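Both complexes shown next keep chain A, but they swap its partner, so chain B is in the first and chain C is in the second.
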Partner chain A sequence: MKTPILVQLQPLMAALRAEQLTNNRPETLTGCYISDLLSDVLAHAEPGMIWLTIQTHRNVVSVAATKDIAVVLFTCGRKPYAEVIAEADEEGLALLTTPLTTFEAAGKLWEAGLRGKNGHE
Partner chain B sequence: MFDQLSLNILDIGMNSLAAGATVVRITVIEDVPHDQLLIRIRDNGRGMDEKTLRDVLAKNASTKAGRKKPIGLGLALLRQTSEMCDGAFRIQSAPGKGTGVTASMRLSHVDRPPLGDLNATIFALCAVNQDADVQLHYRSGDQKFHFSSQEGKHNEPRRTQETQGKGAAAGCAA
Partner chain C sequence: MQMVPATPSDVRAGEARKISVAQVLVYELRVRDAMSKPPITAAPTDTLRAVQHLMKARRISGVPISDGDKLLGLISIEDIIRALDKGYIDDHVQQHMARNVITLRDHFSLVRAVAEFDRHEFGRFPVLDGNDRLIGVLTRGDITDCLMQHLERRAEEALAHEAALRAERVADDAANRVVVRAHVRTGDYDSAGKLSQRMRQVLRERGVAPEIRRRAAVVAYEAETNIIIHSLGGEITATIDPDKVCIEAVDVGPGIGNVEQAMQEGWSTAGRLPRELGFGAGMGLPNIQRCSDKLEIKSDNKSGTTLRSEIYLRKAGVSA
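== the complex of A and B ==
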């Protein structure tokens, strides 16, 4: 297993046109995983990752907490209900939203040097 | 959410076995005229008290030992799928009374996952507890299928054609 390349989150916020929904936000990201199927995320995500999804159900917070995911980025301008944001804050999970599509947001993250599972290119 | 409903059913059936159930009855009904799919998993396990059930529904709570975080997703994922597909989700449970989990969905909903490999789910549950009676009751239109993992187990090894009728099947499960 490769050591993940850590990427700073703060400089990416503008490129993603991201809005921070939770109070907390981590400094760095270890990688990225993209899926809208929660069981698939349970199987593949790794700690410290940013997860891109259009799902805004509260189960997203449960899955992210179980997998120690650092950030969930909702794409296409999607926003979860306030209760979901509050649950994420309780878990210490950061939630962001972007008007970009999942593909566009992924492109920005890749350009910034972020990689996938086990740092795979 | 899983990409096959049979994986949700496996998850819920595993809950039943973990709760010490000796009978796990899985019902799947595809009702095409009403565009409804009904999935029910009923067990005679230890059941949940009111507080546990409330925490499970409101916080995805888990009582599984050895978890880093007390979060369970088996029920939550089935609930999400059923609600996403215009259905309803219900849990009935009480200590000593067993648990029933019912999930419905609109059969034709575009996001409804396929049933998938129900056989593999039944097989896996039978393998986990060979003494439990794992039952499948499947109905789709006029098509019916019943399976019980204990059926015939306590019977004499060689059975004649006549004793295998419906009545005999019920008799040997008892």
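== the complex of A and C ==
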């Protein structure tokens, strides 16, 4: 496995116009995965990644925790219920939301140097 | 059993470590442990013919001659043959017995007794105690029998000890086993992952490698959501042992129509609601298979589906 390119999350918050929903927020990201299919994420996401999705129900937290994903970024301004946020805090998972579409948010992340699985370009 | 340090002069220091159990026993055991007792004896006034009959009846080839427990002499089978040959078989034993009899003390080690047999080439030795009383007779056969008995006892003790250790290990494993079980209801999407979460917690506490922990979590989560999406309800159990996790998902039906097809990525029978929630990607079973070290799926229309996955905790496997 190639060493992932680590990208700082803090400087990205403004570009993403992201709102932090949980108390947790990691320093760095190892990569990004985008899917709204849970099993697809279980199959392909890597630990420490940021996951972009429009799904907001609590299974997102379960899936992210299962794969040790660092951040879930809800796009198109979606926000989960408070219970889901509380559960994420319990799991040590960070939740963010952005008004940007998935494509736009992904573009910002790519510009910042973030890459996909195993650091593939 | 008394312990005598196995450090005889004829064992060189370097060889001491290689001494077998039988060798140790030869040093540990005493003449008194091996001898036949009480001794079969004859009186000095008995006839040689009487001794001949005694030998035949008791199947022995030498008889100590004694007055009570005082050793006076010894008649061997050679003495009897000579008496028959020379025609004095009806004489009293005291006229013909060997009087300077070589004896063993009851506290001698068997290794010393063996050395005496080698030195004198006798078939037997009368055994005297510390007060010079005749208390037994020792033959090479007695030594062999005694060693065999003690070896057998040692072997039994070793086996019993091993069995006890095994039982202890089983009990230990049982004590270290954590079973997490959850009833899973059809369509209960909000509860998905509860079992997986508890299992992950146990694995984390046990210091299981993150990669292995994630694989177990994927299997548990996918198996749980399969029951929620596709079945009429069921139960999922994660049995966590020190060396492996066994995840068993059992539902009451309706069963998987074609398991082979279901194992193909992208193939799904999920309905509209689960798909909207992000389920039904057609990747559940392929994910389970990829993350399992061992996987069995039994499914039919009558009894539903039983999925059994094992994830080994002590070796690296595929990454998840």
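As a convention for this text, the second predicted complex is superposed on the first by the 121 of 121 C-alpha atoms of A that agree within 3 Å, B and C clash if a C-alpha of one lies under 4 Å from a C-alpha of the other, contacts with A are read in each partner's own complex, and residues count from 1 in each chain.
Just so we're on the same page, a residue touches a chain if its C-beta (ideal position, glycine included) is under 8 Å from a C-beta of that chain, and two chains touch if they have at least 3 such contacts.
Predicted, not measured: the structure shown is a model, and the values here were computed from it.
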Revision key, fill the gap. So, after the overlay on chain A, do chain B and chain C clash or fit? They clash
Practice item. Tell me which of chain B and chain C touches more residues of chain A. Key: C
Check your understanding: Touch check for A:43: first (chain B), second (chain C), both, or neither?
Key -> second
Review point. Thinking of the overlay built on chain A, is A:14 touched by chain B (first), by chain C (second), by both, or by neither?
Key: neither
Check your understanding: What is the contact status of A:63 with respect to chain B (first) and chain C (second): first, second, both, or neither?
Key -> both
Check your understanding: Looking at the overlay, does A:82 come into contact with chain B only (first), chain C only (second), both, or neither?
Key -> neither
Revision key, fill the gap. The clashing stretch of chain C against chain B, among 22-30, 58-66, 148-156 or 256-264, is 256-264
**Study point:** Touching both chain C and chain B, counted on chain A across the two superposed complexes
**Key:** 37-40, 42, 57-59, 62-63, 65-66
Study note, to complete from the structure: Per the touch rule, the chain A residues reaching chain C in their complex are 1, 36-40, 42-43, 47, 53, 55, 57-63, 65-68, 91
Review point. Which bits of chain B are touching chain A when the two form their complex?
Key: 1-3, 7, 60, 69, 71, 73, 76-77, 80, 84
**Study point:** Residue numbers on chain C that touch chain A, as the complex places them
**Key:** 189-190, 192-193, 196-197, 200, 210, 214, 217-218, 221-222, 225, 277-284, 286-287, 290, 319-320
Practice item. Using the touch rule from the top, collect the residues of chain A that touch chain B in their complex. Key: 37-40, 42, 57-59, 62-63, 65-66
